[in-house]
Amino acid sequence: MYSPLIQKLIDLFSKFPTVGPRTAARFVFYLINLSEKDTKELLESISKLKEKVKTCPFCFNKFEPKTQEEKMCDICSDPNRDKKILCIVEKETDLSAIEKTKKYNGLYFVLGGRLSSLKKENIEKIRIKELEERINNPSDFGIQTDNFQEIILALNPTPEGETTTLFLERRLKPLGIKITRLGRGLPVGGELEYADEETLKSAFEGRK
Amino acid sequence: MYSPLIQKLIDLFSKFPTVGPRTAARFVFYLINLSEKDTKELLESISKLKEKVKTCPFCFNKFEPKTQEEKMCDICSDPNRDKKILCIVEKETDLSAIEKTKKYNGLYFVLGGRLSSLKKENIEKIRIKELEERINNPSDFGIQTDNFQEIILALNPTPEGETTTLFLERRLKPLGIKITRLGRGLPVGGELEYADEETLKSAFEGRK
Amino acid sequence: MYSPLIQKLIDLFSKFPTVGPRTAARFVFYLINLSEKDTKELLESISKLKEKVKTCPFCFNKFEPKTQEEKMCDICSDPNRDKKILCIVEKETDLSAIEKTKKYNGLYFVLGGRLSSLKKENIEKIRIKELEERINNPSDFGIQTDNFQEIILALNPTPEGETTTLFLERRLKPLGIKITRLGRGLPVGGELEYADEETLKSAFEGRK
Amino acid sequence: MYSPLIQKLIDLFSKFPTVGPRTAARFVFYLINLSEKDTKELLESISKLKEKVKTCPFCFNKFEPKTQEEKMCDICSDPNRDKKILCIVEKETDLSAIEKTKKYNGLYFVLGGRLSSLKKENIEKIRIKELEERINNPSDFGIQTDNFQEIILALNPTPEGETTTLFLERRLKPLGIKITRLGRGLPVGGELEYADEETLKSAFEGRK
């Protein structure tokens, strides 16, 4: 129905997260009607992004070095961050969500995925080897610390997140470092009556 | 459009919680098509409910005395419940939700509502006077205890629940009893990325 | 968790259409807290409903006779209704929805269900035999007419409604009466972009 | 929280239809993790789109000329399309939705918007002058026809679409051409009981 170029771009946008073919079509017509100037800005921003944004060698978060000398992200290179505590997250946007709370001042590690099962091919897709290397020898990756004293498993409390958490607990236990999980409980706006038992149990245990 | 009797019953069912006129109409036709026997069972159950179900003089929960001598609900009269801890809930179904978790073994108090504002006429609608009497003189209301050592404010983390919690904290503070709230955090199935900052903060503070 | 009487009534309300156990529990506590007077009104309304509401011998709609002599519903006994046209609906609330539009002035027949498949046991659950008898000999059931000139199949455009419509079309075709279906098209508030092809096709064919 | 380049691209994606800042952030990290090759393909597709896709001088639909000589879109230049009937749509994706049904073989006109009110500044934003010119002198814009015999107003049955339809009806009436609207009715999957009166009325009137 659509011309080849339009259809091709619909297909490319359909691969974006949360985007289906109808939304992709709306994106394409949005672009067609975009001014020359705005289109150029978008294309250049994407090109620059790919060119300038680097991956931090310690935490795997994405960052934009301000000088050629900058090798690590703002968080890993910040002398005021607590280098004895490491928070493991699934993806970059989870790290940003935590930073927004301003309640955490330690380091991060972006796992790059979660486990839907404990099959070998799944485990190989996340950065488990990289994580172990960084916990064991942080200074090899640019972090000066006397070893971590707490590892926070900040995975989502979804089934896949739970599987990943259980896997990491078992895997990291031999290191003898304190391992914690985020607190469960009633979220803002939640209702006791509609909470699942597990959440309500945690809310009772975590009262203060 | 409907005959007077049908319309009247639609109006009565429309007053039930969560029921609008379309659902009420479906209820009425459900009843019309119900067998003689099932209708009788429903009507008798409602009559018996109103006749047999009593309000516990201490906690205001509803209960069904098994003998004429039974004056208090199963929880208040259970010798194994911890009588040093009192959990304040908005309504009976919240109490049931907590009981299902089997994580709480103290007493309850059903407040009978929540505050949308601190206006006098709102405050008079909930059982605040009754609550204070029971905390100050539990034995006057059938509970033998040396005074409470913890009061849990188990209101919903909604704006109205928060207003009620703040009001109760201020009101009960002079009694010198430890006052706690349910823990906040990520609910089962939640996602960090979509959690509000407040919930995520609590999840970090409550990690373990 | 709930006392036997409360639990029993929760179970009974859970059988009402669209009601689950949590909503049923809210209904029960609503009833417990209902005044004596309002409870009596509800119980009497239900009793009277079962006693006074009759089934019309022609259309199977429910009605409330105003005198003992009234044998048929308001619609079937109305001399101004067009007795040459019959509209077949699944249930009483569909009939009411159509009456509210004031666009239809013929008679109705309430089928009492819809077909999820063409299995014999499904077909026996709806009033197909009764329908054929009334179409063939309306005067036997209190309707004076020279035979119907149009039968409207006003089933829902859902898969089950479609199955029922197809079944009725095949079954009623030999009678030689004009059979129609409700028009398909875009509903108020709908959008072309999100309409399925079938709906959009009908909207084009039905333009005017 | 995000680095300047990431934040800038989040802002640009947030202007895309249906996209909020959270989804925009996910898009950016999707792009960061996209391979060199796939990124290049996306950027080139967008550039080519802007370069190759043209606006048809008659209908204002977007098309991709296969040769330099091609001046009009596939539909307008198709000798088999019925040039006596013109369908007015709000936007390009509505045109595609209609084409998919294969039920319409006339010409189109893309209005480029809809009216939320009849204010002058709103009316000036849609292609009403262009529409009148094309209806009055189709051959000036590349369409050889003896004048249109039907104009279909295929706007959405939303409040804004209705306002636009009423405006166009009044404006085009003096031309003396038959003006039609898409048929209203129950959509596939809809239910009589939950349909609004207007939709149900149309379904009855449009029965067949």
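Chains: A, B, C and D, in written order; residue numbering restarts at 1 for each.
Please note the rule applied: contacts are C-beta pairs under 8 Å (C-beta built on N, C-alpha and C of every residue); 3 or more make two chains touch, one makes a residue touch a chain.
For clarity, every value in this text was computed on a predicted model and none was experimentally measured.
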{"item": "Chains contacting each of chain B and chain D, listed by label", "value": "A, C"}
{"item": "Equivalent interface positions on chain C and chain D, same or different at half", "value": "same"}
{"item": "A-C or A-D - the one linked by more C-beta pairs in contact", "value": "A-D"}
{"item": "Of all other chains, the one whose Cα centre sits farthest from chain B", "value": "D"}
{"item": "Inter-chain centre distance, chain A versus chain D - centres from mean C-alpha coordinates, in Å", "value": "39"}
{"item": "Centre-to-centre distance between chain C and chain A (centres being mean Cα positions), rounded to whole Å", "value": "53"}
{"item": "Of all residues in chain B, the ones touching two or more other chains", "value": "22, 91, 93, 100, 193"}
{"item": "In the complex with chain B, residue positions of chain C that touch it", "value": "1-6, 8-9, 12, 16-18, 22-23, 25-32, 34, 36, 39, 41-43, 45-50, 52-53, 62-64, 74, 91-93, 96, 99-100"}
{"item": "Chain B residues within the chain D interface of the complex", "value": "22, 193-194"}
{"item": "Chain A-facing residues of chain B, complex", "value": "89, 91, 93-94, 97-98, 100-101, 103-104, 152, 154, 156-158, 180-193, 195-208"}
